[in-house]
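Below, subunit A partners subunit B and then partners subunit C, in two separate complexes.
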Partner chain A sequence: MADRQTLTESGSGGELPGAGAETAPDLPFGAPIGAEAARESAREATATAAVAAASAAAVRRGGRFRGLLPRRSGKLVTGLVIVGAITLFGLLGPLIAQPPRDSNNPALLPPGPEHWLGTTKLGYDVFSQLAYGTQGSLFIGLVAGLVALVLGGLFGVFAGYFGGIADEVLTLITNIVLVIPGLPVVMVIAAYVQNADGLGPLARSSLLVALVLGITSWAGSAVVLRAQARSLRTREYVAAARVAGERPARIIFVEILPNLVPLLAAQFIFGVILAVLGEAGLSYLGLGPTGSITLGTMLNDAQTGQAVGTGAWWWFVPPGAIIAALGAGLSLINFAIDEVVNPKLRLAPENAKRQRKATKAGKGVADTGAFA
Partner chain B sequence: MSFYLRRVAFYLVTFWAAISLNFLLPRLLPGDPAAIMLGKLRRANAGRPLSEETVQAITAILGAEKGTSLWDQYLAYWGRLLQGDLGVSSTRYPAPVAELISAALPWTIVLVGTATVISFVLGIVVGAWVGWRRGTWLDHLVPVTTVFQSIPYFWLALVLVAVFSVQLGIFPIIGGYDVFEFPGGPEWSWAFLGSAVWHAVLPATTIVLSSIGGWLLGMRNMMVSTMSEDFIVTAEAKGLTPRRIRTKYASRNAAIPSLAGFGIALGFVVAGSIVMEQVFSYPGIGKLMIQAVQGLDYALMQGVFLVITLTVLAANFVMDLIYGFIDPRVRHNG
Partner chain C sequence: MTAQVTRPAVEAGSLRAEGLEKDFRLRSGLKVRTLHAVRGVSLELEPGRTVALVGESGSGKSTIARMFAKLESPTGGRILLDGAPSANRGRGLAAYRRDVQMVFQDPFGSLNPFHSIVHHLERPIRLHHPGLSGAEVRERAEELLERVRLSPAAKFADRRPHELSGGQRQRVAIARALAPGARFIIADEPVSMLDVSIRLGVLNLLAELQRQERLGVLYITHDLATARHFSDEILVMYRGEIVERGPSERVILDPQHDYTKTLLDAAADPDRLGQLRDEVRREAG
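Here is the complex of A and B:
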């Protein structure tokens, strides 16, 4: 799901606003369309100039990336708060909760003062399981997200930068991986690997699950990164660096990668969401890690323990709710990044809102038509 | 024309890659699935020795004894596939894998197909409207949809079952049809069709609810981007009615990337519905896959994986051809 969304959003190839984005002239309201166009062209001009100047000088100043940071908006703050709270819960929760596999409690207790989220069929404390499970899921999400980011970056940036035969081959591989459905591949690989001898304790560890999820989910970000790298390659400052005799590795890491930072961040966040969801599905089917507790293994326990049939909602609702909240929080952060990558997403609604306000204030602006 | 040739070539290569991946996975990953599978089949056959034919089929699919070259194995594998022979299942011995798949496939295709189309159309229509009314309270719908999008399919299914089946008792809990009313299996009658539709309501709702957010959001964002293009300004200046601008100018162009994403999304929907079918015990291809994986029925697992991959490839291929027809630019830029 998430991959398609990035494709449609970032595929439109928005310009990266550079360090000069804030200096665009604040045109008075009047002709919204013209103003927007002027503002945009001004922004693009200053952006290109600023990035080019910064790169050509190759000076590392503190403020260089300020234009690449998302603006502080409601979405960003909400997302950060949700993700921060869940992360804190995953880190600190296990310290205060009782051991997650302590079965010295009454079974299937509903939520109460003694056990905040009740107990499972085996008498495990759900709150404690949830804390450990959040930690486990976050670990898998981060590792898999990193693996996917590195692979996607390698395939996408190299294909986009080098072009020609290398591009054809790398893009072909990317597209093949993209169309082959992910979860079935993960299930098949997991089924083989987890039942092999010789891997020892690694065979059903969360590290292996994370690696499998990462290796199968990088293609979407490779497509997005390739498109952006291709467009960056044709900029003047990259051409200048090439003419100056810079090595390709240096051009990629010094000139191109810094401008991909917002996209890379967005792709990493999507990778984490995808991996957390993927782990949940995999574990729910009984293919998850056996040694550690994750949100997915909790759901699997709830399934085998007939939680739905017996009405023990406190057993299966919290893990899913944490996953949904984590995914929503990360997506909100991604929206903020998206508005940096594609300024139209931020400007157009703001302009439309301004026009409507002006109409209400009786400034003689038409209140019908496409822009009202 | 070269656009179509390129697309056909790409899908031929992908088709070959998918089948080769299917060939290589059991051979390159650690473990000896062929030996495990033959052991399982022997037990299923009550200890009697297996027929030479069965053993050959399994070794062709999952890996021969040491000594046979990989290339010979590869040829034997293709030979089996071209005959439509996917081996014998051990969990449902002695049913052939191909037969099990062809019985399960229609359930999934009808359910997932219908639900995906409903979700796509709804998402595009609502997304176009929300994008059109950008800057109003409707923008707050965007964060709400992300919550739905981040909910795991199967968890939503669990919650729906808990509320509508266990608590309220409106919908059936599991299955694709009423097995007590129709003990003889699926049949062509209105009563059976009604039972099947009734059983499909919750699974379909699950798919629609958890996939609509992506469509809505993608369409809304494209609509917002498209609305600031010059040709929209021109249309407005010409004095065209807003309705005409919305439907004929903005929506049509904004929907193009969503259409391109449709094929890729199908893969995710199929994947998501695997876990969903487990929740509902729906007699589709996902349930079969789960049975195979849990019972270490490697022949069945390989077969189902192949069929899922090829179905998604075929859907993507069709979407690509349609896309080339809708958007002439991709035909010319290749």
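Here is the complex of A and C:
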């Protein structure tokens, strides 16, 4: 490149001279490059200082994953508290409760000091059943969520990144799985494997139910992840990684996957909700893991024991309430993660608040340019 | 191909495109249309020289850049590095990438928001110099940051891209292109997304590194003014073909092809705009 160092600012772009003058009010056209460079570094320095000041605290706090963490909001805190409480109950409850299948109690006792949540028709302690059932449901939810996440991630990300024939094949499989109605298939598979020989103790275990739920529920997240991976694939940093000589596997796992983390987390949580509800549905129909206790098997017992008819509300309300609370709590966390993926959502409540305030203050909001 | 370019003494090594072609097949429903993005383009990069490729949007400039960077494979013609056809896979491709690197247009898109600045420099160093220890790689990465005037390097190294300004990001992108030890840099509109006021700083940096390292640079731009000031030779591209080529001054001051003249007329020139304004005022008054 040449040493001609008298290029002026107005000549550097296709801009009108007026535009140049606006950005550099203190410089005449034809200012030498030395001044130009000095001004640029000053500009960048101030810009950096501002940015650094704003983010210094943030960097100190969290390191590289901070940008991926959801902001602390009412939704997130409420969701975490609910899910945390249920998880703690599932982990610690069984330690303090009596054995769940101990029938040496009076039958159908209402809640009282002796049995906090009463007893069932067979004399089982409901509190104990609930604690073990919560643990069982959470286990199924986690395993099924993980299985769905891994399958959805593999199908979605690989299809999205590689494109072409691989995409066609993987998307075809995904679409087929997607349109198969979920619960009926799960019922058929569950009914089949329960009677299948050769599975031994696995046949009626909660692990098997979790696997069945997992491998029938990954297609939705595969579709979402494929779309996002396709979009990330065309980003210039992926092209830059290819130019640097990175291998495809490394590009997928190091360059693309971290940027999918919020989405993966959301899909995982969604998978857990789906599996907990699916298990409850299956168990209610009598196709659940009969060997272990889950919230679904409790509901099934209550149904077959005619809890509603005998007015034993303490038998079916607690498991139902825990399922509902778990679903709600996980959904709230999911909403908070959504705000990481889609920052527009983050602004919505604040804008609504501002709008309400403005209306209260008697100002027109039409021209203040509220969130549209 | 209007004028024979007189060259200074040729140094060893060159990056040459011969009759490069690229067709894209566009499918809309059942119809398949072929778009000839690049038709028979030949050009040569030599160490220590900057060649500018100018043309409007959609003229095929970026496709040429992507073919040089091996992000697209040409449908015709070939790319020769030091006289030998370049490889498209395996070790040959790795060797090619060590020599030929690219600076992308969008400094906001070309750095991964998840990774630190130093990651973007350490990866290419590691890939192309596998023998180095972790500390040596880090040291080299910080050296590169200093060379693109991001100092103190230690401070910038662990930042994330969103904490840097556009100009600073583009400096990182330039450092990344230098990281493998490249001899040829393909700069695809490196400053078009930057603020007008910081474009010159980035271009001056690129020019300085080019002089120090004797790099061969392909400077792709739609801006004739910077093409004239920063390059030795200008190629004008229109609809996939090179319609005019020659020494920078000659192309700008004495354009031969109609399209080049149109481009020059379209470029803003403060003096001429002043005249125009006066004329308009005179007529109005």
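Throughout what follows, the second predicted complex is superposed on the first by the 290 of 372 C-alpha atoms of A that agree within 3 Å, B and C clash if a C-alpha of one lies under 4 Å from a C-alpha of the other, contacts with A are read in each partner's own complex, and residues count from 1 in each chain.
The rule is simple: contacts are C-beta pairs under 8 Å (C-beta built on N, C-alpha and C of every residue); 3 or more make two chains touch, one makes a residue touch a chain.
From a predicted model like this one, the values you see are computed outputs, not experimental measurements.
S.K.: After lining up the shared chain so the two structures overlap, which partner does A:Ser292 touch, if you call subunit B first and subunit C second: first, second, both or neither?
M.R.: Neither partner.
S.K.: Give one of first, second, both or neither to describe whether A:Ala241 is in contact with subunit B, with subunit C, with both, or with none.
M.R.: Touch partner of A:Ala241: subunit C, not subunit B.
S.K.: Mind working out whether A:Gln129 is in touch with subunit B, subunit C, both or neither, as first, second, both or neither?
M.R.: Neither: A:Gln129 stays clear of subunit B and subunit C.
S.K.: Which of the two partners, first being subunit B and second being subunit C, lies in contact with A:Asn259: first, second, both, or neither?
M.R.: After superposition on chain A, A:Asn259 lies in contact with subunit C alone.
S.K.: Look at the residues of subunit A and decide whether subunit B or subunit C touches more of them.
M.R.: Comparing touch counts on subunit A for subunit B and subunit C gives B.
S.K.: So, A:Phe335: does it touch subunit B (first), subunit C (second), both, or neither?
M.R.: The answer is first: A:Phe335 touches subunit B but not subunit C.
S.K.: Would you sort A:Val308 into first (subunit B), second (subunit C), both or neither based on which partner it touches?
M.R.: first
S.K.: By the touch definition above, which subunit A residues appear in both interfaces, subunit B in one complex and subunit C in the other?
M.R.: In subunit A, residues 1-2, 4-5, 7, 9, 11-12, 14, 33, 36 are touched by subunit B and also by subunit C.
S.K.: How about subunit C: which of its residues touch subunit A in the complex?
M.R.: 50, 66, 69-71, 93-94, 97-98, 101-102, 104-106, 109-116, 120, 123-124, 127-128, 149, 159-160, 162-165, 167-168, 173, 176, 179-180, 195-201, 203-204, 206-207, 210-211, 217, 222-223, 225-226, 229-232, 248, 266-270, 273
S.K.: Name, in rising order, each residue of subunit B that touches subunit A in their complex.
M.R.: Residues in contact with subunit A: 10, 13-14, 17-18, 21, 25-26, 29-31, 33, 36, 132, 134-136, 139, 142-143, 146-147, 149-156, 158-159, 161-162, 166-167, 173, 210-211, 213-214, 217-218, 221-222, 224-225, 227-228, 232-233, 235-236, 242, 245-246, 250, 257-258, 260-261, 263-265, 267-268, 270-272, 274-275, 278-279, 289-290, 293-294, 296, 298, 301-302, 304-305, 308-309, 312-313, 316.
S.K.: Please give the residue numbers of subunit A that touch subunit C in the complex, ascending.
M.R.: 1-2, 4-5, 7, 9-17, 19-20, 23-24, 29, 33, 36-37, 39-41, 43-44, 47-48, 51-52, 55, 59, 64, 67-68, 235-237, 239-246, 255, 258-259
S.K.: Which stretch or stretches of subunit A touch subunit B in the complex?
M.R.: Residue list for subunit A touching subunit B: 1-5, 7-9, 11-12, 14, 33, 36, 75, 78, 172, 175-176, 178-185, 187-193, 195-199, 273, 277, 280-281, 284-287, 299, 302-303, 308-309, 311, 313, 316-317, 319-320, 323-328, 330-332, 335, 338, 342, 344-345, 347-353, 356, 368-372.
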